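Two complexes, one shared chain (chain A), two partners (chain B, chain C).
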Partner chain A sequence: MKKPLLEVNNIKTSFFSHLGEIQAVRGSSFILNEGDVLGIVGESGSGKSVTALSIMGLIDNPGRIKEGEILFGGEDLVKKSQTELSEIRGNEISMIFQDPMTSLNPVYTIENQMVEVIRRHNKDMNKREAIAKAVEMLTLVGIPEPEKRIKSYPHEFSGGMRQRVMIATALSCGPRLLIADEPTTALDVTIQAQILDLMNDLKQRVNASIILITHDLGVIAEICDQIIVMYGGTVMEKGTAKDIFYSPQNPYTVGLYQSVPKAGKTGEKQRLIPIEGSPPDLMHPPKGCPFSPRCPHAMKVCLEKPVPMFKLSETHSSACWLLHKDAPAVGKYTKGVESVG
Partner chain B sequence: MLDNSKPLLEVNNLRKYFKVGGGGILGGKKSWLKAVDGVTFSINHGETLGLVGESGCGKSTTGRTIIRLYDATGGEVNFDGTDLTKVPEKELMPFRKRIQMIFQDPYASLNPRMTVTDIIGEGITTHNISRGAERQERIFNLLMRVGLKREHANRYPHEFSGGQRQRIGIARALAVEPDLIVCDEPISALDVSIQAQVVNMLEDLQDEMGLTYLFIAHDLSMVKHISDRIGVMYLGQLAEVADSDELYNHPQHPYTKALLSAIPIPDPDLTRKNKRIILQGDVPSPIDPPPGCRFASRCSIASEQCRRETPVLRDRGAGHLVACHNV
Partner chain C sequence: MKNYFLRRFIYSLFTIFLIATVTFFMMHSIPGGPFTREKPVPPEIMRALNAKYHLDDPLIVQYFDYLKGLVTFDLGPSFSKIGTSVNDLIKAGFPITAKVGFFAVLLITVLGVSVGIISALRQNRPIDYFVMFMATLGVTIPSFVLATVFIFVFAGKLGWFPPFGLASPLGYVGPVIALSGYSLSFVARLTRSSMLEVLRQDYIRTARANGLKELSVLGKHAIKNALIPVVTYLGPTIAALMTGSFVVERIFAIPGIGRYFVESVSNRDYTTIMGVTVLYAAFYVLMVFLVDVLYAIIDPRIKFEKESG
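On to the complex of A and B.
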């Protein structure tokens, strides 16, 4: 049995703007086991990035974690002070961001920036040892001639190479959890393939669990063991890659999958099936299921009552009223499942 | 009016170079950035040609040079029998009506201080198509045509979501009843569920109005979905042109093969079994590129000849064009 590394329980994060409260995450819960790769998939405004930032303790004013707990190795991160958190960030949990162009400082060399991070977390390391460690990490992520390239400035690297530097830096202190927020979105497909290949390789070589956040179903399918589908600040469905792709039990997951063209299929031109309407306004989220205004199967209960998670199997659960025992039978949705929480 | 026997648009050896460096008080060496360097293709009436490639390959520059947002350095753009590169600026007006463009960023391509009516109606007025109540009625019809409502007409762009703004951009392009629409990454700024809405709408509009599209994008699966034929660009040149099914099933150019194998497939079993071709290194700089095939430095089958001679597009049967010495 795998041990859970991270347990997120009913986390609610809001931003208090002058127009009102924006409820970016409205009760998200999941568990990440040691050594697993968890994918969080969702569109913009689904709360996937805010969930990650909440775990990192990087929610800044005017935002605040209102409720819930984030248990990392048994300790609640929500209750920790910023000083305690900065010990955990980098050492235990580190993060890479979407845009490698803006997450590196343009006026310092790569060496400067990596050594700063390494020595910040390993106080007894001298500069030479830190440089050696940095070179070792750059070699690990496949940067050619690392001894030479480490003296370069960020602008001398291409986008893909910069993302490799970010990954090397994030892994340099041996974190137990790596959060990657859209790590390949800003990159070209052939470079994306290089980075995904690298992450697949590192998954086996580095002893870290990974949370990968993306809007791209293809990327998720490629490297994740566990998947969470988010929409309107809530978790719609969670399960293994096979559960989510081969037997989705939530109309939103199904809709998302149908709206992307399946490369490889040929012959008769298939028509895409879009999800009509647009995502909810998080200032005034719908009372019931956030997807109900766009859902083809929405019932009265969907508009009025928040949906509980229905447990389909040990690994698979979904938040949809169609799974309730009194719901009408629609399509392939399993009916009469007990709800949890 | 339209002569349907010939292609609507024929691009011949189109080149667009940008001058970089040199000049100013620092002097320095002058060089040329060869964004588009000898591109040839044609689009038939009612057809969609997809142009794919990675950032910096010159696909957008090609689109912009065709509609004369840039002046070509060389080559021809024959639109319905007229070479647009030779038409004087003052006489371009009738062609501007017939070729329209949809831009990538729906946040940047609509003037935030104009109402939807003004945005859509600007072209109608400029080209003297209709005025007064007739113009207003036309704008209402266009709004409904792209899935918006009459009451949206007096609102400003910031009141709309990204997908809705892209619809306004499409309505603006349709307002002057063009023959050809250059779609420059029209969906890449939109969310997945919204992309499908816009793509379906573009397909419907094409069927109803007989539009011809040049569809520029980097998302290969979407390009495959919408295009009849596809051109693959690399560093300012076309590597391969073929019918979209043919290109996907039987890619011949080593770059096309690598590009296709790099697409992550939304199917965990399939994508993990898929043996991918990982290209080493990055796209080289388009500034003063070396002679020979542009792809040679990353190609697994490059030979001596590839570094010397630039391969030309040759027909390998049934309109499948490939620019490679070794296939």
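On to the complex of A and C.
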């Protein structure tokens, strides 16, 4: 049995703008086990990134975590002060971001930026040792001639190389958890594959758990053990990669698959099925299931009552009223399971 | 690098030369001359004066004579202050003007930048509103109003500061405030908006995500980027402040060179006009050059020249 590293319990994060409260995350819960890769999928505005930033304690004004707990190694991160969190960030939990072009400070060398982070969390290290560590990390992520390149400024690197530098910095203090927020979205396809290969490779070598946030299902399928599907600030479905890809139990997950082009048989014309409508207004979120206004199977109850998580197996659960034992049978959806939450 | 400095130096000299040339011909195209008076001067005397100062030579000859003087740093005799040379006028006035200007520059840089940063960090809090209110006031109130009010309240009513002159160190307070009011407010606003812009950048989030202390996030990662536009503004401003202001020097009775910028023109004091213009131009060109050098130091993306040039 794997030990849980991170336990997110019913986290709610809102942004308080002058127009009103924007409920970006409305109660998401999940568990990440040690050594696992957890994928979070969902469209823009589904609350993926805000969930990640909540774990990091990087929710800026006017946002804040309203309730819930984030247990990391048994300690609740929500209760920690910024000073305490800064000891953890970059040290035990690291994060890399979507746009490597703007994520490094343009006016300092790579060496300067990496050494600062390394020495921040390894106070007994002198500058020479920190440089050696930085070079070692750059070698690990596949930067050619790291001793020379470390003296360069970010603008002297390509996008893919910068993302490698970001990964090297994030891993330099040996974190137990790496959060990657759409690490390949801003890169072109060939570089995307390289970065994913790198992360897959590092997963084995550096012994860190990973949360990978993306809207790219292909990316998720490649390296994730566990998957969470998010929509409208809530978790719609969670399970192993096998659960989610081979027996999706939520109309939203199914909708996501149908809207992705498949590398099918050549010559065969295949029409993509879009999900009609637009994501919910998080200032006035729907009373019931957030997906109900767009769901082809929506029932009356979907519009009125919040959906609980229905447990389908040890690993698989989904938030959809169709899974209730009294719901009519629709397509291949399992029915007759008991609600768990 | 060495080539760059050399090239910049030559460009600078050329710029100063162009400014001197344009000023010279524009000035001579204004009707009247240095000896034109309301009461007509007898023609013989006029002729004698013109001959003495070579004003009867063809304009082009006068121009080359002037350039000859300029290269040897001889700015010629003043026409309105008979017996003194423009060099003497500048030597007497410039140190005083520059001293007041220097304090103004110091105030603007230190206070303007720090107030701007504090304001940005306390965005939409009372202190931010207060700073922005003062800054708006500072930008809109002209220096002569500021100076007059200062003299009326602090020198007249309260008697804290001398109303004119620089005899005591306290005498500097009024002129420095009046001189820097506008730029101080402008720099505070500029720093604030630039800082707010930088704080939204991804690399600031990265710095925080890497667990860096807030002191380093702001003091190292944010400030260097935020200062780039401020440096741009400060260069020319320093040149303007160090060469003085007619209004401020007049109101506080400071014997600097600021007044010559206006007086010399109404007197058709050709050599003085040229003197202060060239001085200002030289200062300006120097400051712009310093700003460019500073850019390259602050921002590595800016290069002195293309590497594969």
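Going forward, the second predicted complex is superposed on the first by the 339 of 341 C-alpha atoms of A that agree within 3 Å, B and C clash if a C-alpha of one lies under 4 Å from a C-alpha of the other, contacts with A are read in each partner's own complex, and residues count from 1 in each chain.
Following the convention adopted for this analysis, contacts are C-beta pairs under 8 Å (C-beta built on N, C-alpha and C of every residue); 3 or more make two chains touch, one makes a residue touch a chain.
All of these numbers come straight from a predicted model, not from anything done at the bench.
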| item | value |
| --- | --- |
| When chain B and chain C are modelled together on chain A, clash or fit | fit |
| Partner chain in contact with A:I275 - chain B first, chain C second, else both or neither | first |
| After the two structures are overlaid on chain A, angle v-u-w for chain B, chain A, chain C in degrees (C-alpha centres, nearest 10) | 70 |
| Touching partner for A:E222 - first (chain B), second (chain C), both, neither | first |
| Which superposed partner A:D188 touches (first chain B, second chain C, both, neither) | first |
| Which superposed partner A:L104 touches (first chain B, second chain C, both, neither) | second |
| Which partner, chain B or chain C, touches more chain A residues | B |
| First (chain B), second (chain C), both or neither touched by A:R89 | second |
| After fitting on chain A: smallest Cα gap, chain B-chain C, Å | 5 |
| Interface residues of chain A shared between complexes with chain B and chain C | none |
| Complex contact set, residues of chain C against chain A | 201-203, 205-214, 216, 220-221, 224-225, 298-301 |
| Interface residues, chain B side, partner chain A - complex | 54-55, 161, 163-164, 191-197, 199-200, 203, 218, 220-222, 224-225, 245, 248-249, 258-272, 276, 278-279, 282-283 |
| Interface residues, chain A side, partner chain B - complex | 43-44, 158, 160-161, 188-194, 196-197, 215-222, 241-242, 245, 255-264, 266-267, 269-276, 278-279 |
| Complex contact set, residues of chain A against chain C | 56, 58, 82, 85-91, 94-95, 97, 99, 102-109, 116-117, 120-121, 153, 155, 166, 169-170 |
